[in-house]
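Same chain, two partners: chain A is paired with chain B first, then with chain C.
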Partner chain A sequence: MPKINYKSNEFLVFLVIVAFVIVATASYPGFFSIPTLFDLLRNGIVIGIFAIGVLLVLISGGIDVSFTAVAVFALFTTTLTVKQLGLDLPWPLVFLVSVLIGMGLGLINAVFIAGFRLPTLIVTLGTLSALRGFLLTFVGSQLISNVPPSMQQFSRLVIVRGTNAQGFFYSLPWAFAFLVGVVVLTWFLLTRTLLGRNIFAIGGSLESARRIGINVRLTQVFVYAYVGGLAGLAGIIHASMARVANPFDLVGLELSVIAATVLGGARLSGGYGTITGTLLGVILIVMVNNSLILLGIPSTWQSVVIGALILLGTGLPSYQAKRAARKAG
Partner chain B sequence: MNKSGKLLISVAAAAVCVAGIAGVQAAGKKFDITTIVKISGIQWFNRMDEGVKKFAADTGNNAVQVGPAKADAQLQVQLVEDTIARKANAIAIVPFSVAAVEPVLKKAMDQKIIVVSHEAASIQNADVDVEAFKNNEYGEHFMKALAKCMAEKGQYAVFVGSLTSESHNQWVDAAIAYQKAHYPNMELVGSKNETADDQQQAYAKTQELLRAYPNVRGFEGSASTDVAGIGLALEERGMADQTCVVGTSLPSIASQYLNTGAVDMISFWDPSLAGYAMNKLAVKLLDGEKITDGMDLGLKGYEHTSLVGKVVYGQAWVDVTKDNAKDYPF
Partner chain C sequence: MRSGPRGGHFREQDVASHPLAETGNSFIRIEHVSKSFVGVNALTDVSFAIARGQAVNLVGENGSGKSTLIKILAGAETPDEGAITVDAEVHASLDPRQSVARGIQVIFQDFSLFPNLSVAENIAFSLELAEGRTLVRRRHMRATAERVLERIGVTIDLDIRVEKLSVADKQLVAIARALASEARLIIMDEPTTALTEREVRSLIAIIRRLKADGIAVLFVSHKLTEGLEVCEKVVVLRNGHLVADAPASEFDAGSLAYHMTGRRLAETAKPPLAKSSPAIMSVRGLSRAGVLREICFDLAHGEVLGIAGLLGSGRTELAKALFGLIEVDAGKLLVDGKRVPFGSVHTMIEAGIGYVPEDRLTEGLFLPQSISRNVTIGTIDSHAGRGGVLDRSGLRAQVSNWLARLNIATSDSEAAVQSLSGGNQQRVVLARWLAKRPKVLILNGPTVGVDVGSKTDIHAIIAELAASGLGIIVISDDIPEVLASCNRILVMKAGQIAEEIPGASIKETELARRLMS
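Coming up: the complex of A and B.
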């Protein structure tokens, strides 16, 4: 049993989540129920996979804002290709294509970041804009509402289905298993492999990592390819579940995802971040986003609430750290 | 280019002229009318182009449609400049930004070029503007359809793309006002739900509405993706048959939900008719006719137009259910 650090971001976010659930349940008793849980889990799948990718980049000392463009590029190109060629690929193959496209696009980031050693924010801002422009200009700007049958079939696969008092369904889609898979894989990678330790090391101090003989470039190439692959996966899951491939989708979600990750304690300066924290951050953001009608909060206030949470979530731990340092000093 | 090539072109040109003259013998004079749209190549304006081409074929006028390759106010202004330089008789324009085209349209009017606009009711420098419908009438028509589907009772919710979108809010406000005046057993729940023209948000908001108000059975969407998101959420819950969904959308976006019954009716206006109507009004003005209140443009939905200032309003919304969705392939 790991010891709980009561001063950590994770614990703080956890407390906020508990408080939020209590308030929501008090104002609407039906909030605390399985259908609500399933709705929130379903709406957290795509943002969750994105956040795991962002976590990896933040740990490695970089920042990636291009992943939404990578995702929409991968999902749209994949859907369009499968449709144009008239292939009846099973969904796992369709997903694989999208993941590979995502990885390929992630490698573009890697070339600039690991190859030319350019700042990550600048590079990914550039690829965000370039990829989206390229997609809309050369690939297509019309949404595909009749996605391939195998993708539609995927959207109907459910792990559990229940019926509420009125006889209507609520369900947890199989897509959720992908989030679980990504979490397990990334956890294993970060905590049980040398590569994972290297990612932490280059994020902590690039120079020190280099001096102890870590291949910084190779590690960075891996990070950006991995994030690209995750973005491709999240994108195709998004398109399958919505049963539409919309080239205007997803871009604009970057900030919410980065906010979730930072809320969960990942440091923008690199070298630190946990999967638990990231998932808690995702839960909080998704819950706030999906409970405003319930609480009667106008949607314009939503961004104010999220902004305030970020300031609180990042400000408080840093204040505590300073106080601890003063005490020690 | 060699000689025979030139000869071929002259012959072809002559043939086109003869054909053109033969076509307009009845009307007397052949006009040069250029329709300038916001952007070329998208389905909406491809459909409008069909209307313009049909007008050219029906009347023999030289009517063509052009548009910038990307949505950019400045590129559209350049196209207007080009059209003025070519000394066209009339310009029909769907402005990307009304403010951006006002100066150049004034220049056109100063040179006695007739200007007809569309989707620009507030425009200054145009002889006449044509709108498919009055926003409040369009909104009321949604409420009538929703009430009919819900047997005039029960809770309903409304969606807009953005709280700052003028047309979306006018549609929804008119619908709510009509409900309050005519259907006392219906009740609006929640405020206007904002979806940012994003299907995923319409989906999530629908889920949330169903949690907060388990008895909500009616939904009205405004952005084209709203009804798709609403329809998906209802379909997943197996509520398609018990609920009523109406809203502005396009068959290409909503037909899969129309087919399953998750969405009951969508409406839009047919750009090909709007394109045809603009050109027709331009010819009327060129022939020296006056635009009058109640005039019949001879097009579906434009039979009893009303004139307010210089804006001609039709009632040209098209209602699409699963039975006629395939007639509108855009």
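Coming up: the complex of A and C.
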């Protein structure tokens, strides 16, 4: 049995989620239901895949803000190419193309970060802006509203569907299985492979990692390619589920995703973070994003609430640590 | 370039008294190694040998070439000339992998550990890496860690994160990691800098165990005494030259200091001040639950007061309380006859108290910032002209004045403080306080991490400051330092002042005994 650390960020976020559910159910009894749960799971797919990627980068001691631009670049280019060539590719191949484009774009980040050793925030801010501009200028700025048939077909695949006693319809798409797959794969990578431990090690101390002979560059190249690949996957899932490829989509979401990851306990200084924490952070952010409207709170309040959660969720533990240190002299 | 007759004498004698070094029993021989960086000679024709299971003390001041030598052994630098013989195999140079494969492991001053990983993982990481594993074998890693810790007779919780360990335990983890990788020579770079007396004792016990196990140790330090008792041999570097290589029994602190600096450093104990000197600071009944009990003392104008105590005696808490860094439960403080309340750094500074912390690197300096910014930050307000615009030429004048007065060796006051040596960093901290014209200066471990030459210089600066009327409190567990610089010594134990000793009335060994008892 894993021990529960009652002082960890994970536990704190878990408590906030429970509190949120209680308050929400009290003011809107229909909240605590299967349809709400499935809504939450569906809305968590894309953010969840993004957040797992961000977690990896944060653990390695970097930060990536370009993943939304990578995702939208990959999804739009893939959809456009498949359509214009008139190919009837099955959806797994379409997804693969998008993932590969994402990886390729991630490698651009890797060249600057691992190759030229530039600060990760600067590099990814640059690629965020450049990729989006390139996409809109040279690839296209027209929304594609009839995506290829295989993508539409994917959007209709569901694991379960039904109607509850109140007559509300619910369904869980197969896309959710991708989130589960990404979680399992990344968990295995981080905790069971030496490559994963190398990622923790370079985030803990880059200099020490070099000294004991970890190939820091290769590890970084892997991290940014992996995140790029995940972004490509999240992007094409997003487009398939919405059945529309919008080149103006997704960009702007990056701070919410980073917020979810940080709320879950990953440190911006690197070396720390767990999958459980990240998923809890995602649940909280998605819940706030989707459910405040249900409670009759205007949507403009979402960002206020998310901001407050970040300040409390990450500020409180570090304030307590400081007080304890001062008390101890 | 051999300095003085004694240096040459030692070298000749070495051959006779150390047959080990000349027989096949030697594990590593460094032969005529030279290395220069952009025209500056870091090492010139250095030769010495290390036998199996032998502990060698490599001493030298900062900049003497110690680090270059370590890097050459670790394979991080390539020598320009000479050779390194390991197990009778001659190498013109080593690369990091070869060096590790031959059993050479370096424990750097910062230990190069991963704060976010567990003890077990830290110990076993390099081994798993060297074996080219793809998957993590947790149980195997734990077993490795257990086995190695048992070898040095230490128990540490294997699952705890390294960031939670004390400095001494971190060092043990670093030693264990070296052993896990089948080390045959462990190079320890300044292993005692951050350790208390007791921790140094247990480190020395561990080095003895390593030696008995057939593992050689290169103990690199600029502190004089510790290496002598555990090392068979002492090698002294000065300005890149090997100036002495002889059995440890032939050295004492005085002769070592002479070899390291090339000058005779005689420090004499200070007599107490005349009784009539007026008090500049008075402390009465200072208490804090669990750490300080009823502390009372006076500090006179121009006096250097030593507060000696072991780690945990309350010496650092006393300093922090006097500077308002921690709150107190009771007590009265008078500075220049005026009552000053405890608990705020700001009030203490206003009252004329300055504090140079123990760990100047983390608490006292803005390391990546320039020397001039570090010197002037404390007085920046007084340089604000009309509308709050800084008077830059005034600032520059102040900086160069202090650099000159404190002998800070730098060609560029805009260089980052972290580029300076330990001694010079300490001077920058001093300069910053002196620029504020304090009445009382509290120095916590003023020469921790500073080499012998700079140490003497800093003691001279302390004496000079006291002569100008400042009251100075030196807090330290470095007994020779307390004796050399203080007019009066208070011995602290368990949060109380156990004893007051007038300066120049006690011997080093006697003071050490009273501190420990």
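To be clear about the criterion, the second predicted complex is superposed on the first by the 318 of 329 C-alpha atoms of A that agree within 3 Å, B and C clash if a C-alpha of one lies under 4 Å from a C-alpha of the other, contacts with A are read in each partner's own complex, and residues count from 1 in each chain.
Definition applied: a residue touches a chain if its C-beta (ideal position, glycine included) is under 8 Å from a C-beta of that chain, and two chains touch if they have at least 3 such contacts.
A quick note: this is a predicted structure, and the numbers were derived from the prediction, not measured.
*Asks:* Between chain B and chain C, whom does A:168 touch in the aligned arrangement: first, second, both, or neither?
*Replies:* After superposing on A, A:168 lies in contact with chain B but is clear of chain C.
*Asks:* Pick one for A:43: touches chain B only (first), chain C only (second), both, or neither.
*Replies:* first
*Asks:* Per the contact definition in the header, classify A:246: touching chain B only (first), chain C only (second), both, or neither.
*Replies:* first
*Asks:* Touching A:214, do we find chain B (first), chain C (second), both, or neither?
*Replies:* After superposition on chain A, A:214 lies in contact with chain C alone.
*Asks:* With both complexes overlaid on chain A, does A:291 touch chain B (first), chain C (second), both or neither?
*Replies:* In the superposed model, A:291 contacts chain B only, not chain C.
*Asks:* Using the superposition on chain A described above, determine whether A:86 touches chain B (first), chain C (second), both, or neither.
*Replies:* The answer is neither, since A:86 touches no partner chain.
*Asks:* For the three-chain arrangement built by superposition, which of chain B and chain C touches the greater number of chain A residues?
*Replies:* Of chain B and chain C, the partner in contact with more residues of chain A is B.
*Asks:* So, does A:29 touch the first partner chain B, the second partner chain C, both, or neither?
*Replies:* In the superposition, A:29 contacts neither chain B nor chain C.
*Asks:* Mind pulling up the chain C residues that touch chain A in the complex?
*Replies:* 96-97, 100, 108, 110, 112-117, 121, 125-126, 128-130, 133-136, 288, 291, 317, 320, 325-326
*Asks:* Which part of chain B faces chain A closely enough to touch in the complex?
*Replies:* 42-43, 70, 163, 190-191, 193-194, 198-200, 203-205, 207-209, 211-212, 214, 225, 228-229, 232, 236-239, 252-256
*Asks:* Across the complex, what residues on chain A touch chain C?
*Replies:* 191-197, 200-201, 203-205, 207-209, 211-214, 271-272, 326, 329
*Asks:* For the complex, which residues does chain A have touching chain B?
*Replies:* 28, 30-31, 35-36, 39, 43, 137, 141-143, 145-146, 166-171, 238, 242-244, 246, 249, 289-294, 298-300
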